[in-house]
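Have a look at these structures, which come just after this line.
In what comes next, chain A is part of two complexes: it sits with chain B in the first one and with chain C in the second one.
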Partner chain A sequence: MTTETKQFGYYPGCELRTRAKALDCSAQKVCRDLGITLAELKEWTCCGGLVPQVKDNYMGFLAPARIFLEARAQGLDSLVTLCAFCFNTLRRASFFLARHPQVRARLATFLDVEGLPEIKVLHLLEVLRDHIGFDRLRQAVRKPLDGLRVGPYYGCLLLRPAQEIMLDNAEEPTLMESFLKALGCEVVDFSRKTDCCGSYHIVTNGEIAGRCAEQILDSAGESNVDLLVASCPVCQFNLDWKQSQANHTNIPVVYVTQLLALALGEPVDTLGFSHRAASMLPAA
Partner chain B sequence: MSQLLSFRRENDLVTEIADLSEQNFYACYQCGKCSAACPAAFAMDIPPHQLIRLLQLGQGEKAMQSDAPWSCVGCLTCTTYCPKGVDPARIMETVRTLHLRRLEGPFRYTQLDGERLAALPQSALVAAMRKVTW
Partner chain C sequence: MAVQRLAKLKKKEVPAPQTVRVYIMGKNHDVPTGLTILKAMEAAGYRLVRGVGCRGGFCGACATVYRKAGDFRLQVGLACQTGIEDGMYLAQIPFYPAPKPLYDIRELTPSAETLFRFFPELARCIQCNTCAKVCPQGLDVMRYIAAAQQGDLRRVAELSFDCLSCGLCVSRCPAEVAHYHVGMLARRLCGAHLVPKAAHLRTRLQEIREGGFEEELDKFCSMDKQTLQGLYAQRVIEPEE
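Then we have the complex of A and B:
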């Protein structure tokens, strides 16, 4: 549908090559269908998993700095991400480094390079909104997901802190809603859509992670959604983990790009949906 | 007569927490929105606004003894809701970091259950290692 091809750097991150292959694979299909060229970084490393929030801790900016250097070495000035952890970490690092020349200089000295480049860190949803536009996206949809009741689950990392992330309003976001409407879905609002899933407490404190996930699922369940849609492998894991325990809701959590690929006409069996999720989708 | 004296007592620890977190504790007027919004407050011995109150009162050691920073996951809901622009999550992380720098805290990474860890998302593992373990 597009006449021009747009090129962006692509930073998949660890989850997309292991647990969240469906996110990677569906995103690549979507970009191919929409004329977005993703140039994957040749040598990418871990994003560092969240930036430090203490003034004198620069360690957490090293991994992003290396990634930005790698992007520059390949002549890229932007990086598209999908995983909310990678997005948040790289976007905040980019924001912080742009405003702290002394830290930038210190990291450059440590890494033995002349200086650190400014790389624009984007989320694919943002690329769809700002470079394709949801009206054009709607026109590209070949198989509208009519009647599918979808709850947009943002979680924390796509939105907060709003003054650094600047993707959408942190309390009343509309990005996923507009995106899902373009696919023909029925967007179902639920009160806990920007709540935290418990994040890394899944490692150290199952009680907190469980409670967080439970409240989100209960809220989505009360709104009677068919599916929850997310862009974070950890959110998906935590919500699925809670639901694997007895007597709980059974709401499939799928990725934004899986639904988009489906709406663009990609065959459902190539998109990595779970059985349960596939059973909720409109018949082909 | 001591009640008539100012109870604001600066000391090295409180100053260090203010400096590293880059937060002005005295901007907080104790509305409690952070604590109302916090998804982990139920698991804390004292909620976020009370931790800030301790720091306002110069009670750095008491703030350090609280288990609240270990329950905070840095979701920044408090930060979003604070009407005074205070970032409680940075204060939580600073307290946690001071413990970790003394090689103390409830999560020793060598003592986590390796078999269970293998089943968890690696981004959560990396984040947990960075934020709460030593």
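Then we have the complex of A and C:
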């Protein structure tokens, strides 16, 4: 695709360097193919994992504040994220800090800097929608995923709370649907697509996470999907974990960027698909 | 006239105090100026048998707490490296407790999962950087914890290489991370699994196992003290650069 190169800062997040390497490497390939330059932060720390739920916990904003400072130091005014957890944390922190100058000032004092920059936090899907456009994305597809029945699984963190995230309608989203249509997939709607996967409960109470995952998988199974796509390493893990535990559905959960990279013509064996997922994909 | 004025000035001058007053466990002691906390305690008559080691800022055994006059904050530092000030409050603590897991390094995989299994508190780091601010070695402790979270064990090993294991980082961490044990495990994993094995080490170990040094060792063991001391004084050491 011949477009001008668009440059964004890139914040991968810890999971993308450990458990979710497939999300990182497929996203980098995709961006290279589409002329999007991702400038990874030279130094980055954990995003904090969650934005503080009480707003006087200023220490909880330190992690995002450090990341924003690092971006400014590298002359970047935006950061692209992929993990829904990092996206949610950084986007909400940015939203909150923009509206609370006193908190910004206190954090700046603690961090021994003049002030905190306003950094735009974006999700790659948002960049594809707003900076590339799904029509142009469709034109860039070299290997349409015709006939692949894909369920878009949003989970919670990509969309909610809607008034702070402002990415899409939190109850009736269309972002992933439009994205998947551009790749040629058959989009399969299912009722639990914006339900929670159980999230961190997986660490301390697998039963709760298991129940959440079960409902999502059953709902997707009833709609007869070939695959689910997600943009969150925790969702991916929880849904896969549930299916590895019991005789349950057999629905591979892949990342949005893995499918996109495949549609853009990247070789399937370089994209980190599980054997199970690869067996569902259209033959090369 | 000028001489008189000078004499008057000199008279008004307060002589510099030769001692400063410090409080050790609440009791006041006047000790000579310019001492370190460690030496001040000894000057006051304490005999230190624990929490003291090399006295050169290398071993990390003497991590301690103190307060300065007029400041409510508890400060920390190495007792052998921190100078006393007038009105300082000193206390002795045993050592900084931190969970110390047991493991067989050969059975572990060098990954973020391994670090998280032994140190789940790693996930609680809020990036406050207090660990790095307090580190007497000036290490970038927060960055090596970040590298641990990202599974970059080589970077953890590199950034934590000069750690003394004094534990001051642990003493201030709101997330209760045991940084120095994390760094230690990462360095061990690196040494056991990631860096290439040193061929000369294998050769030397083989030589030892085959008894190549037994004769020389026996010779030393049978020497009298005076001969040994003489040899020690004549030993060749690496020249200082």
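Points to keep in mind about this one:
Here is the rule we go by: the second predicted complex is superposed on the first by the 284 of 284 C-alpha atoms of A that agree within 3 Å, B and C clash if a C-alpha of one lies under 4 Å from a C-alpha of the other, contacts with A are read in each partner's own complex, and residues count from 1 in each chain.
In this section, a residue touches a chain if its C-beta (ideal position, glycine included) is under 8 Å from a C-beta of that chain, and two chains touch if they have at least 3 such contacts.
No experiment lies behind these values; they were computed from the predicted model shown.
Using the contact criterion defined above for the overlaid structures, shared-chain residue A:272 touches neither chain B nor chain C, since it reaches no partner.
Look at A:173: by the touch rule set out above, it reaches neither chain B nor chain C. When the two structures are aligned on the shared chain, A:152 is found in touch with neither chain B nor chain C. In the superposition on chain A, contact is made by A:17 with chain C only, not with chain B. In the overlay built on the shared chain, the residue A:204 is in contact with chain B alone; chain C does not reach it. With both structures placed on the common chain, the touch criterion links A:62 to chain C but leaves chain B unconnected. Judged by the touch definition given at the top, the superposed model places A:49 against both chain B and chain C. Which of chain B and chain C touches more residues of chain A is settled by the count: it is B.
Residues 14, 18, 46, 48-49, 60 of chain A are contacted both by chain B in one complex and by chain C in the other. Per the touch definition, chain B reaches chain A in the complex via residues 19-22, 39-40, 42-43, 70-71, 73-77, 79-80, 87, 89-90, 93-94, 97, 107, 112, 117, 120-133.
Note for the complex: chain C touches chain A at residues 111-113, 123, 125-129, 142-143, 146, 149-152, 174. By the touch criterion given at the top, residues 14, 17-18, 43-46, 48-49, 59-60, 62-63, 66 of chain A touch chain C in their complex.
Across the interface of their complex, chain B is touched by residues 13-15, 18-19, 46, 48-50, 52-57, 60, 83, 85-86, 156, 160-162, 170-171, 194-196, 198-205, 207-208, 211-212, 215, 233-234, 237 of chain A.
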